[in-house]
Amino acid sequence: MIEDDREKILASIRRGLRGTERPSAGRSAKSPLLTEPDADFASRFAHFKAELSALGGEAATAGSETDLADIVTAKKTGAIFVYDDIRTGYGTFTSLLTESREARFGLEFGRGYDKREAASFESAVTGCVACIAETGSAVIKTDMRLPAALATSLFVVAEERQLLGSLDELFTDRFGNFEGSNLLLITGPSRTADIEKELVTGVHGPKEVTVVFVQR
Amino acid sequence: MRVHLFVPCFIDQLFPNVAVSTLKVLRHLGCDVVFPESQTCCGQPAYNTGYFDEARLMAMHEVNSLIGMVSDKSEFDFKHDYIVGPSGSCVAMIRNSYPELFSEDERYSKLSLDLSKRVYEFSEFIDKIIGIDNFKGELNTTVSFHDSCHGLRELGIKEGPRKILRRIEGLKLIELPYTEVCCGFGGTFSVKFPEISAAMADEKLRNFAGTGADIMVSGDSSCLMHLQGRARRTGLPKRFAHIAEIMAESLPAERS
Amino acid sequence: MELRSRKFRTLYKTEVGNAQLRANLSKATLQAVDKRGQSFAEVDFKFLQDEAKKIKQESLSRLNDLLSQFEDSARKNNCRIFYAQTPEKANAYVLDIARRYGARTAVKSKSMVTEEIGLAPFLIRNGIETVETDLGEYIVQLAGETPSHITTPAIHKSRTEISRLFHDKLGTELNSDPAFLTAEARRVLREKFLSADIGISGANFLVAETGDIVIVENEGNARLSTSAVKVHIVVTGIEKVIPKFSDLRIFMRLLGRSSTGQKITSYVSLLRGPSTEDEKDGPEEVHIILLDNGRSGLLGTDHQEVLHCIRCGACLNVCPVYRNIGGHAYGSVYPGPIGSLVTPLYFGEQNAPDLPFASSLCGNCTEVCPVGIDIHHQLLAVRHEIKSAKKGGVERFIFRNYRKAMLRPGRYRLAGKIARGLSKTPLLRYFLKGWTQHRELPRFPSRSFREIYKSAKAK
């Protein structure tokens, strides 16, 4: 094992800072947004949709699980991976889905599954922790990272109450104390502009991101 | 209103007409203008090249000169008088950098802080102290205004000179694309890295040529000297003029 | 990466004449500048900048405590922490982990710190295939080059050049459509992700309170590099730690806007360590390497604020010097205005004697800096230090005598007169050749303003 330089570095830091340390500074509670976040779901959703659409993503509302199934199956993608949070709460949806599409479920996979299998799904559908109107983002926390990361088409299912107005609401203790190894904010399709600043979507991750709010 | 005229060294030596025009316009606007003759250089070239000690000595001399403490009879009244100079860059040196340079010298620190409240760039002085409405001119021409970086970012001068130019009847102002991008002068930068400096000038001149304007007007003769020098070398037949010159030319007496 | 910043004077001269390079850079940087401007329309930039600066000031002034707090949080999340003073030590540690795991392939996402320590070439030399997975980095790696921009590594390359490169190295057809080229890279890199053993990333922020490793990106390659692997190694600088989770509300709004004009990047990963028992994939081990390499030396000095940098690249995009010479001319991993500070301050002023002077001090960098670094005044301060450390020299001699003349108005008048008299002779042109090689001298007037003023007054 290589011995690290912890003590040396911390000593150097203390030496440099000597006498200039300051106590924790206060924070302004103000939001940097020039307009107040929308209060009701309808205007929040309109905002969310505008943001996500501008990035090439899609946002929709579904009155029922049947509507949700219609939205998902309307995209002519191949095999779909269904995350467990969707399987358990959305019985009608999943059974409709399996009628029209080859679907695999999270529970079929165990720890240490073959990652090539995850790469075989063209699409994935997952629940989420929150969505943010300000930016058109979906915040997801999954027990399998790869299907969502590798799918060409990603569906995020959300409930109305999960739609936050702004990032100010996300970066609070409520979400900061999440359980699990990671939280991911996805804002529109995977993209790059590394070649002459020309925008190309679907680089390593989804080319299509669809967020559906289900009213139940 | 009494004004001590601050004439940066290179304007004094190379572009006297800019100073003459400044004087003319200020007098036309009713100012009582004196030129403290012992002033030389504000020290900016040394300062920006990293020679702070040399700069500090020059700054001391300049401070004393500008407030009439060296040889002139006209002593400066910090409550009522102003120092006005036709250069955003050199005024920024006095207003912003002198207090830094003198931070460890009690006497000069106070003096330079007092001074920084009374020193104005020419167009800024007309905009903020005299009032734009007091000026009116007439000149048939098409111009673009070049924002000097120090005027723009150190002094916050943006709309003032444009408002002034719009007070000149017959003058058409066409905005430069990327007007806030540096022209590449940068003091000793222009001779330390001449190829980069020239490439930056070319960028600016291309944008200027694209506007179709006849004259490039600015509040800083240093930018203009650089751009004009490059334009003449590359064969761009345009005029480069200080805003004070354009204003002086637009005055009624000047036209007759 | 080998530091070549001492050779700046030679390097920039070849780059400044490269018309293709200038065209590529102009197009890309000006587009980024425009987008950045538009993206700040709905938020209060000044407020965000002030808050970010305040948070960074606090982070550095409490760095000792915050690092300890971060360690505690990260250990609770089952991460392992390793402090490295030098690039060699950091590299050796990564290699040690890789060997322990018998790793053959490493996938790497974009990280300036790994560029700084030359990690990828080091691993490759030691037999571990290390693949850059950010498209721009991948292009640069294929070409055997180094990145020329902090956030857009292949900004210096045109689509035609990239198409030729892919054709030569990957055997793809000659098609310069960016969508085609990107799809080709996706195909090749996906296979790498699926076969990789370890993943290497940087970190944009480390949150002391929660132990979060925050990584922002657009392509999804960082997500895969940190997820599709058994071991995830984070290599980052000690200055990246911030106090609170809620501080992210400020930085997340600034970073994307400043670098590419996005309200937020497509992906933000908040990583908290190895996968938990309930999770079915993700890394089994997460190692966090905290690199010093000259950083702690800035604490408590006038240059401390340089450590605020969040590597957004906004100062590069607005910089007309950068735009005309490109990133490679700087001879350092860190180019542009911030690079002209970081390079001498981290790696020694003697190693970058010219970089702080390669700026017209226009201040556009300072204006756009999201964390409030007074970049151009910092450059000025480094200039002063470099000049103060060097005794003698022609330039000092000139400035000393210039000053002497300026303190005596009589001498000043005389000097001006002589210079104006000499203006028509070749002698002055010789002395001013830095000017006259590229520009005409102004037409020297016969009388100075003070002479005109004096004679008018006498009348």
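Worth a mention:
First chain written, first letter: the chains are A, B and C, and each begins at residue 1.
Throughout what follows, a residue touches a chain if its C-beta (ideal position, glycine included) is under 8 Å from a C-beta of that chain, and two chains touch if they have at least 3 such contacts.
Every value quoted in this text rests on a predicted model; they were computed, and no experiment measured them.
A linear topology is adopted by the chain contact network, the touching chains following one after another without closure. Comparing chain C-alpha centroids with the centroid of the full set of protein C-alpha atoms picks out C as the closest.
Averaging Cα coordinates per chain places chain B and chain C 33 Å apart.
With centres set at the average Cα position, the gap from chain A to chain B is 54 Å. Separation between the centroids of chain A and chain C, computed from CA atoms only, is 29 Å. Counting partners per residue, chain C has no residue that reaches two or more other chains. Along chain B, no residue makes contact with two or more other chains. Within the complex formed with chain C, the residues of chain B that make contact are 7, 9, 11-17, 19-20, 23, 35, 37-41, 43, 45-52, 54, 57-58, 61, 65, 70-71, 149-150, 153-154, 178, 180-182, 184-201, 203, 225-226, 228-230, 232-233. Only residues 1-2, 4-6, 8-10, 12-22, 24-25, 27-28, 30, 32-35, 51, 55, 106, 109-113, 115-116, 118-119, 134-135, 137, 143-146, 149-150, 167-168, 170-173, 176-177, 179-198, 200, 202-206 of chain A touch chain C when the two sit together in their complex.
The touching residues of chain C, counted against chain B in their complex, run 12-13, 16-17, 22, 26, 30, 318, 320-321, 323-325, 357-364, 366-367, 380, 383-388, 395-396, 399-400, 402-403, 405-407, 409, 412, 416, 419-420, 432, 434-435, 437-442, 444-445, 447-454. Those residues of chain C that touch chain A in the complex are listed here as 24, 27-28, 31-32, 42-44, 47-48, 51, 54-55, 57-58, 60-64, 67-68, 77, 81-85, 89, 92-93, 96, 133-136, 139, 152-154, 157-159, 162, 178-179, 181-182, 185-186, 189-190, 193-194, 209-210, 218-221, 223-224, 227-228, 238, 243-250, 252-253, 260, 262-276, 278-282, 290, 292, 296-301, 304.
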